[in-house]
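Consider the two complexes below, in which chain A is the common component and chain B and chain C are the respective partners.
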Partner chain A sequence: MNYEFDFSFLGEYGQDLWDGTLLTLWMTAVSIIPGFVVGTACAVGRLYGPPWVRKAATVYVEAIRNTPLVIQVFWLFFGLAVLSVRIDAFYAAVIALVINVGAYTAEIMRAGFESIPKGQIEAASCLALSRWQSLLYVQLPQAVERVYPALVSQFILMMLATSIMSQISAPELTGVAYQIQAFTFRGFEVYLVIAVIYLAVVTLLRAILTGLGKVIFPRRRRLGTPL
Partner chain B sequence: MEPIVRFKDVRKSFGTLEVLKGVTLDIMPGTVTALIGRSGSGKSTALRCINALEQINGGELHVCGRALHNGGFDLRALRQDVGIVFQSYNLFPHLTVAQNIMLAPRRVKKIGKDEARALAEEVLSQVGLLEKADNYPEQLSGGQQQRVAIARSLAMKPKLMLFDEVTSALDPELTGEVLKVIEKLAESGMTMVLVTHEMNFAERVADQIAFMHHGTVWELGSGEMLRAPKTPELQQFVGSGL
Partner chain C sequence: MLGLSPEHLLFLLRGAGWTIVLSLLGFVGGTIVGLPVALCRSSKMRSLRVVSSAYVQLVQGIPLPVIMFVVYFGLSIGGYELPALVAAGIAMTAYSSAYLGEIWKGCIEAVPKTQWEAAECLALTPVQRFVDVILPQAVRIAIPPTVGFLVQIVKNTSYSVVIGFFDLTYSAKVLNNSTFKPFTVFTIAALLYFVICYPLSVLSRRYERKLKRA
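Moving on to the complex of A and B:
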């Protein structure tokens, strides 16, 4: 085997790779918070909502968790086209990511809420806090702190899943790789470079989310113990 | 004077199990009432009915001028009038001691942050834990946590405080420090109802003791009652306990 590595495409397509990396990061960044909000709302609805809310949240969560992301993306992208709603591939990608990660986050947050001892909710209610105040100030912070590592994993998985968005021609990292590969026929080298970039970006995201955890959980920062 | 709590033939069932079978009891403002009795006698259930943690199934229950048996009363207003301290403390682990105390005054009574902090320091001094204000619950001993729970309840300025076996999870030394706080509260004129297994404490502090048996108030009296029980059931209970 005398394969000759040729990374010369890096010079010509370096800018495209950079733009693709930024788009991947940006797609992830704008999907995390809405995804968390959708997921948490679903978890709350599924646990404490009236029956129709519980049912609706369950249907959403199960429908999304049991179909492939790529199908969801197509369905959204082409479905909207049928309704003659024209939408940029980037926005379609973000909407699909939010809907997708929301369903997984819902299950993680549900586990978080369910792990809180009943006495906590009883104590909040006995201090005359309303249901919403109890949720916001007592249950939510504890739930998030307990499942934070799982949430971080989920958001990293979501970042990796952005690679599917090349299917609707969003020029994120993987999409850029397809193109370079098509022009240069240097598939092995291109995907090697892409893998290294993903590794770097994921490491960065993990560091940011871990750092964020230190900021939002002062108790954990000070004591270093799990809740 | 009107009683602050009036049980009139109160009944409460969990499914087919009738736990309260007609409890009648008056609690006057400024007094300390101890509910004693065996496990399963209904004393904790009776206590929990007072702040509507349990809904009664029959009879009448008046608390701070509200008829709890009718429904339609303002639950959150009731909870502001009636504080409760639990056996398991139930402090919020993600908040510091001061934040635990400030939460309800700030969110429910909408007082400012500085005012809430001053209030927290005031009630913490009352339970002798001012220096722990910025610690987290898990950094405190069980007895200290329970005293914080008492302070947290006090910060809402309740008209009536309920104590549900608050020393049952503590060793004798820690029990002592918690009981001292409760005794000080009693001296300050706070109306209190406590479910307890501390007979000596009940005898010393309580103005009235209700011995509960089979879901009713079997024998009612002052501290003297424990020395000279009238019913054989109470006789047996204090005989085994002391």
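Moving on to the complex of A and C:
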């Protein structure tokens, strides 16, 4: 095998790679909070809601968790196109990511809520907190604290999953790479470079989220911690 | 049915067949590579731990579509003209071996330390200790998460669409391009994935409950 590696495309397309990286990060950032809200709402609905809410939330979670993200994105993006709803690939990607990560977050948060000792909820009601107050001020912070590492992993997986959005022509990092290799015919080198970029982004994202967790939850109680 | 001819449905089913083939390939390959990874991850030797952990970090830090591309182009610059199935199979093997290695490492470490000590007291050799005492207990713990991970494998084979492997997602995409019925086509594709994945999810949960009771 005598293959000459040629990374000279980096000079010409460096700016495009940078833009792609930023779009990947931006897509992840705007999906995290809505995804968390959807997931938490589902978890609460499944645990404390009336029967029809429980059923609906269960159907949502099972349907999303047992089908691939790619199919969900195609369904949404090409489906909207047929309904002649014009939507930017970026927004279609974000909507699909929120719906997808919401279902996974729902399962994580459910484990978090279930792990809170009963005494905490009893104490909240002894302090005359309403059910919503108890949920919002007592249960939610503790649940998030306990499952925080799992949430971080889930959001990192979501960041990696944004790479499939090139399939609906969103110009994130993988999409940019595809264009560069089409112009330069240096597919192997291009994908090696973006693999390194993804590794760097994962490391950065994990450091930021873990650091944030240490600031917000100084006690660092995990699943299985008694109080 | 729903504006699709039986040929169209057959086309999707053929894609689903290739999805299953690629999933099996990924699982078998992932087992063959993942088992040594798990052993190295829980090894006493520091160098083995460092190398295997670097491998896991590397694979888990790169999106699967990018791994698919790297393998695909890597094989072609090596001068091999291989079908996309080979590239997808190698990528799936790398992907699942990293995750399975990590899962199984956890299972090996979940066996109480006293079991190792008891086996040592019974004068078993290190190999006997591991194979006869620890492994049977670790396998029991490993069944629910492994079955659960099968769902991830099946779903993630859909990423092979990026290198044009003819799986369920790719066939659905092609069918949509020719029929312009995205809701019908992708709903059927999603249902087919669901039919494969949901039983595995249920099975995994059932095993988990059984293990908890035991």
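Here is the rule we go by: the second predicted complex is superposed on the first by the 218 of 227 C-alpha atoms of A that agree within 3 Å, B and C clash if a C-alpha of one lies under 4 Å from a C-alpha of the other, contacts with A are read in each partner's own complex, and residues count from 1 in each chain.
Everything below uses one rule, namely that a contact is a pair of C-beta atoms (placed from the backbone, for glycine too) under 8 Å apart; a residue touches a chain by one contact, two chains touch by 3 or more.
A quick note: this is a predicted structure, and the numbers were derived from the prediction, not measured.
Asks: Thinking of the overlay built on chain A, is A:S115 touched by chain B (first), by chain C (second), by both, or by neither?
Replies: After superposing on A, A:S115 lies clear of both chain B and chain C.
Asks: Counting only touches as set out at the top, which of chain B and chain C does A:T210 meet: first, second, both, neither?
Replies: The answer is neither, since A:T210 touches no partner chain.
Asks: For A:Y3, select first, second, both or neither according to whether it touches chain B, chain C, the two together, or no partner.
Replies: Only chain C; A:Y3 stays clear of chain B.
Asks: Touching A:T174 in the superposition: chain B (first), chain C (second), both, neither?
Replies: A:T174 contacts chain C only, not chain B.
Asks: Identify the partner contact of A:P141: answer first if only chain B is touched, second if only chain C is, both if each is, neither if none is.
Replies: After superposing on A, A:P141 lies in contact with chain B but is clear of chain C.
Asks: Taking the superposition on A as described, I'd like to know which of chain B and chain C A:R65 touches: first, second, both or neither.
Replies: Touch status of A:R65: second partner only.
Asks: For A:Q15 in the superposed arrangement: first (chain B), second (chain C), both or neither?
Replies: A:Q15: touches no partner chain.
Asks: Which partner chains sit in contact with A:F74 here, chain B, chain C, both or neither? Use first/second/both/neither.
Replies: So A:F74 only meets chain C here.
Asks: Check whether chain B or chain C contacts more residues of chain A in the superposed model.
Replies: C
Asks: Using the touch definition from the top, say if A:T225 reaches chain B (first), chain C (second), both or neither.
Replies: Touch status of A:T225: first partner only.
Asks: With touch defined as at the start, can you tell me which chain A residues reach chain C in the complex?
Replies: Answer in residue numbers: 1, 3, 62-63, 65-72, 74-75, 78-79, 81-82, 160-164, 166-167, 174, 177, 181, 187-188, 191-192, 194-195, 198-199, 202-203.
Asks: Give every residue of chain B touching chain A within the complex, in rising order.
Replies: 51, 53, 76-77, 79-80, 83-84, 86, 88, 90-96, 103-104, 107-108, 136, 138-139, 152-153, 156
Asks: Which bits of chain C are touching chain A when the two form their complex?
Replies: Touching chain A from chain C are residues 58, 60-67, 69-70, 72-74, 76-79, 151, 155-156, 158-159, 161-162, 169, 172-173, 176, 180-183, 186-187, 189-190, 193-194, 197-198, 201.
Asks: Which bits of chain A are touching chain B when the two form their complex?
Replies: 117, 119-120, 122-130, 133, 137-138, 141-142, 145, 217, 219, 222-223, 225, 227
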